[in-house]
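Look for chain A in each of the two complexes below; its partner is chain B in the first and chain C in the second.
Let's turn to the complex of A and B:
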């Protein structure tokens, strides 16, 4: 790193002021989540607030008992595969489009601004639109059709922006070298380009998975009669007043954290192997 | 490459971009076009939409004081949230880029800020209940410390809690793009400014702030559109006490009044796009992104 005015010598007072601001922000960011995690172990006296009495796992148990709190397992069995499909499609489609955008072509500006518009259109508006579209086509709304498309319209622009950042740093001389050595187009992509952009592709997959897994507004009118997990949680916020809600929160946050951990460890592993090879 | 190769590769480009274009066409362009079409349809009780063109939905909405009140409430929240998230986002990004000396530490702390983005928004909203509620952590803390004798009831289910929840959910949309812009600033520029006699504040104002404007514009774009398009935070956290532009849409949908919901949605869309266009006029986002 280049030397900055603050690189050497004693730290200025602004460092301590901003470090305090940063620490307070992290507490603000994580404090409530940790509170929910702790309260999900609430005992049978069932208060929604502190203090924690007789810690137990009863509210987790309750989640798997469909008579008491709605169809949590069924909702998970829709949300999880949906998120995996969205992640896979987001990677394939945005990587492919990212390569196309390295050159200028007729219509590139239109497609780019459509993607940006798709990113910023309010989810509720899109939800209504997709529902009306499927009605006109006479097709029933379902998680694997209308909701899948609605999710993609939101994850693809993210994927595309990440690919811009990744491919912007890709030096074209690597591909030229591969061509000079006699590689075909596919060989150059498969053996040279893909390994270089792999960490970026994992990041795109992480965005695709988590954005879909947690999406509410775009799912709301598009999933049909059976809820995905965020919709199920939404229903529970209005009619479940027990710590079971927190237990569900803890479980679904755990799934998100597992996805983040898998993505980050694989990125770190790839980088480490790469620097080891050098 | 020969000219044949060039032609082949230009056709290949369309093949590469086709899946994206198709998804955007069928799941963005057509749905939005249909929303606009339906917004001009007539609504009949029990029947639903009747495909007869009318401007009644718009006339009703635009002449209703409720619509104006809801939009004013939304704009108020948006402005407050934009200011808070910008101040927080700018200084946190500044701290990470210019004050943290070790690159790995900076990346680690940056990840700490971004991890909640990948978790459920609904859970993060709900998690304010045990903190801000009447018997929540803050109130019981304040009572124990003897600062207040009765729990503060404006902490939860109020405009205050709505702003807290928005700031909680959306600040990272400011941090990430501003961090990206700042990380590209050549640090020798700051050194040059200091050598030329600029104060610490002068460097921030005259060098860092102008060079981060793409990040700030992108962050503002995210925060404004997310806040204006939100319905769910305002409902869960305000306890139904605060309205937003989307509450009208929600009410219409409950009565299956799709034409009016669509007209409402189109108005929201136009407002959001106008704000976005204003931001895009300030900076050429694409040029900066592809760079």
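Let's turn to the complex of A and C:
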């Protein structure tokens, strides 16, 4: 802080108490992740605990050459597209619903609460429900069908809440100005509304992606015979006892961080462009 | 969208509203309005918030559909037409500049929607920006502009559509006082230069008087009075208009006698009023309200006897004085209400009046303006003293 504390007397003891509490919180939040990251470079001793001996990349190599480890690559090849599809659908559905909810219509409150209520339903219960329903309908469970639906039940409430806030705050005169200047309804949406709410849409996509990418309970019974990444990791914890587990944790965390970084950078870039800070 | 129906500049921008009504649920925002705004005039819709003036503007623009009634622009009935086919352009209160586009792209938006080529689009938009003296800022985004600059961009964006009617929704309300006065002048000269119809919604009476060829005073969905600024200011028709235009005292008396073109009234506390008969049919014994301009009041401090004897006099005690520069506003408590006189600066300093002084206020019979409806009291009228 630029202001010197001495001019206003010493900081109260509560400052130090709360600062310590916050520091502990941050350590608790990121400590495990950092521990996993460090231990993923464990040497051939294959110890699952500290200390780190003879750092190497061998467990990452192990990951991509599945001899003992499970089907990590295959699981990633399901989880990643699933997360992308979930993100895309969440954006499309949330934006459309956001438009619909800008005006009141009969049953709007009921629909809203129905959509939000799926946040409360326990994921495992929902997973069982989806599986039972698919069985009853005679359809096989797969990541691209039953798991996709289960994931959407989780991501949509978040997407809807964000888009309702974004579109609800959008001044209707932007569209009216567009109509005034000869835009059709589609043109008004594409040339005016979508660009204005784009940062919100990126945020929704980010939520959709990360929520789906590391979703466990809703995937559990709905992915069918082939696992998604979180399920694969879970399986590995029961039968793999090598730092390959940590290497996998480090990799998936990296993918999540990359997604967040891309999303935030693009939002910041859009905002900077609008405020003219090139 | 039918792009061929856009009117050419030779068409007239006369606006005619016929029995125009708009209801929102149970509330009637606009109630059977009939109004003709002549081509090329500067018209101000004046009234407090919620009086329906913005709803009228939005119906003319095509952003609101009337519940019933007709809107003609020129000879064409435009109710079923989309905004762009009406030959109107609207300037929004918030300006509604597109935040993701540069100033130039904002102005060129209309041309882009009409598939005009990029080179021509840029050129025409730059010409328009030149006209509002903003060509230097063409590559900025709206967020980088001041309020006044944003307004000019909004103007340029509206005018590039070559409208015959420009609709302005409280265009000056977002500006500070200094800028407001400057933009007011610019709007007026722009309207003169373009010769198109301007319809300007405002709740500020000085703004309307300064700008308008035609002032339309509105009250809860109805038009109370429409006419030239000068006429409305001097000859308000109703107590509401008199109060809203400001600078008027509204008094009520009972008709005691009529004859020979004269009218005698008896007011509160024994006051007597004498005026020329109005055209309205009147009966003896019925109440009648009239307005007197505050700057036509003469004050004297030698009160004399107990009751007011001469006609067109009221007496009271000075409640407060307020210096206004060229005149002093003197508030007088009549017992039956507050009466205000505007005393010229020089006269006031020659014979200063202080709080608590008993005074007699008088005026000429010719300064009495008979109102068509009886005053229902100003107690709950929040606009009785907002202006002048």
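Simple rule for what comes next: the second predicted complex is superposed on the first by the 256 of 278 C-alpha atoms of A that agree within 3 Å, B and C clash if a C-alpha of one lies under 4 Å from a C-alpha of the other, contacts with A are read in each partner's own complex, and residues count from 1 in each chain.
Please note the rule applied: a contact is a pair of C-beta atoms (placed from the backbone, for glycine too) under 8 Å apart; a residue touches a chain by one contact, two chains touch by 3 or more.
None of these values were measured; they are calculated from a predicted model.
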{"item": "Which superposed partner A:173 touches (first chain B, second chain C, both, neither)", "value": "second"}
{"item": "Contacts of A:192 with chain B and chain C, given as first, second, both or neither", "value": "second"}
{"item": "First, second, both or neither for A:123, with chain B first and chain C second", "value": "first"}
{"item": "Partner chain(s) touched by A:183 [first = chain B, second = chain C, both, neither]", "value": "second"}
{"item": "Greater chain A contact set [chain C / chain B]", "value": "B"}
{"item": "First, second, both or neither for A:274, with chain B first and chain C second", "value": "second"}
{"item": "Chain B versus chain C as contact partner of A:88, first or second or both or neither", "value": "neither"}
{"item": "First, second, both or neither for A:73, with chain B first and chain C second", "value": "neither"}
{"item": "Contacts of A:253 with chain B and chain C, given as first, second, both or neither", "value": "first"}
{"item": "Chain B-facing residues of chain A, complex", "value": "1-7, 11-12, 14-15, 18-19, 21-22, 25-26, 28-33, 35-36, 39, 47-50, 92-94, 96-97, 99-101, 103, 105, 107-109, 111-112, 114-118, 120-126, 128-130, 132-133, 136, 149-150, 152-153, 156, 160-161, 164-165, 168, 206-207, 210, 213-214, 216-217, 221, 230, 233-234, 237, 245-246, 249, 252-253, 256-257, 259-260, 264"}
{"item": "Chain A contact footprint on chain B (complex, rising order)", "value": "10, 13-14, 16-17, 19-21, 23-24, 26-32, 34-35, 38, 88, 91-92, 94-96, 98-99, 101, 103, 109, 111-113, 115-124, 126-131, 133, 135-137, 140, 168, 171, 180, 186-188, 190-191, 194, 200, 203, 221-222, 225, 228-232, 236, 246, 249-250, 253, 258, 261-262, 265, 268-269, 272-273, 276, 285-286, 289-291"}
{"item": "Touching residues (chain side chain C, partner chain A) in the complex", "value": "1, 3, 61-63, 82-84, 88-90, 92-94, 96, 98-100, 109-110, 112-114, 140-141, 143-144, 157-158, 161"}
{"item": "Chain C partner contacts - residues on chain A that touch it in the complex", "value": "171, 173-174, 176-184, 187, 191-192, 195-196, 198, 270, 273-276"}
